[in-house]
Amino acid sequence: MSADRVVVRHEADIISARQSARGLAATLGFSESDLILIATAISEVARNMVEYAHGGEIALRALQEGSRRGLEIVARDEGPGIADLQLAMQDGYSTGHSLGLGLPGARRLMDEFQIDSRLGAGTTVVMRKWVLG
Amino acid sequence: MSADRVVVRHEADIISARQSARGLAATLGFSESDLILIATAISEVARNMVEYAHGGEIALRALQEGSRRGLEIVARDEGPGIADLQLAMQDGYSTGHSLGLGLPGARRLMDEFQIDSRLGAGTTVVMRKWVLG
Amino acid sequence: MTPRVLKQGQFLIASLPDALTDSGWRGLRDLLMEQVGKHRSLGAVIDVSGMEVMDSYATRLLEGIARMLSLRGAACVVVGISPGVAFAMTRLGLRLSTADTALDLDDGLELLSRRVREKRPHVR
Amino acid sequence: MTPRVLKQGQFLIASLPDALTDSGWRGLRDLLMEQVGKHRSLGAVIDVSGMEVMDSYATRLLEGIARMLSLRGAACVVVGISPGVAFAMTRLGLRLSTADTALDLDDGLELLSRRVREKRPHVR
């Protein structure tokens, strides 16, 4: 299994998404410590989908670049989008009641992080992590 | 030895650059306290080169202006450049995972500080410090 | 997947499962508050060693529970944060400011006893 | 150039070399987290007196280690910041917010004992 797709609509789906990612990442040879980082990052992004976007979909994919292996997580939703991305990426900024560490924190947990959002159209987060050679 | 040149590509080169600068500065009569300021400034700038610009080169040069002696550090890279210099010079601004104090901090550590950057072409930082008369 | 809360002497011990949903957290909170009142417990150890991750959501709810317990006069110690989870929490920018921490259940119970002795010198 | 970690009673003492690379920092972090678990240490003193500079990178990693230790229930004190290094850190705009600081190893161990006593009054 080198790719997976998880619909995230309800809270319980956050746990499924986390476990799918963990499972796929484990087969790629990530360390236990990296598995926790990946599971935590996906947890943050999946919760945002449930919390702010009425759900969405997370696609998981194994990456191979030369001898380098990695995991790609693409979280896509068709929610309201984010008005000010720069603000949303700041530590402590939240329009909800939460800590505002999800997006900036996920960026710190992964090796690569891109976010794209359009008001009224949705939000896509792409995250990658590479197995330490 | 009144000039020196250090290629900074890998992390270990940051330490070499620091030690070269410290060595040259010591011969110029800087106080121990100033040597630490210089070593810290070069450490910040060298790390940026490794972190953001795939490396670069640091040129060190003794300065003499009348009876005044000083040290010039020119850090040049051909990395991606900095899009918004004013932003990059602000305390706390970082596009990486770090504290965003490197550039503004280095400016405070040295007597003179100039930065020049062109997108797609690279970044040059020139810093000077003078021996206290 | 529901948390268990046990009474041990003057303390409560809550063991969390690998993952908790919102209603699971609410259940834990209500259970702890109820049991603290019923047994007049002086503190609670919350063991998170079974939890897969401690994300910002879990941390916020845990802090909330610790704060509520403290308003009821009960101390709270979180135990069992593994090195890997501690690393991820730190990267995220999370810390526990309301709850105390200790390595494991034993250390947690010992810490609670100290806390209680500090607060009420005559209690054994 | 690798950090050493020694056990002294209930505490750990880490002595840093003049400079640490990324992997050196990672080694220090993993070693401290491992030893805290193994010896059930209540705290760690990190001696940076050998370090040439404390730049923003080193400071950030040191803070991360202190935060991780605290999540495992262990206090952390940084000692040996020379006047010159303290001056440079201040100019840079750096401060240590998570870790306590003390002048030297002796003071650091004393501070740790005090911290632990605060937390656990009867522990010597």
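Each chain gets a letter, A, B, C and D, in the order it is written, and its residues are counted from 1.
Operating definition for what follows: a residue touches a chain if its C-beta (ideal position, glycine included) is under 8 Å from a C-beta of that chain, and two chains touch if they have at least 3 such contacts.
Predicted, not measured: the structure shown is a model, and the values here were computed from it.
Minimum number of contact steps separating chain A from chain D: 2.
In a view that ignores chain D, the other chains are joined by touching into A, C | B.
Summarising the inter-chain layout, the chain whose CA centre lies farthest from the centre of chain C is B.
Per-chain CA centroids place chain A at a distance of 36 Å from chain B.
Separation between the centroids of chain C and chain D, computed from CA atoms only, is 26 Å. Chain B and chain C have Cα centroids separated by 48 Å. Not a single residue position of chain B touches two or more of the other chains. Chains touching one another form the pairs A-C, B-D, C-D. Across the complex, chain C is touched by residues 11-12, 15, 18-19, 22, 32-33, 35-37, 39-40, 43-44, 47, 91, 98-99, 101-102, 104-106, 108-109 of chain A. Interface of chain C with chain D (complex): residues 79, 81, 83, 85-87, 89-91, 95-96, 100-103, 107-108, 110-111, 114, 117-118. Here chain C touches chain A in the complex through residues 19, 21-22, 52-57, 59-60, 83-85, 87-89, 91-94, going by the rule given at the top. Chain D makes touch with chain C in their complex at residues 29-30, 33-34, 36-37, 40, 64, 67-68, 70-74, 98, 119-123.
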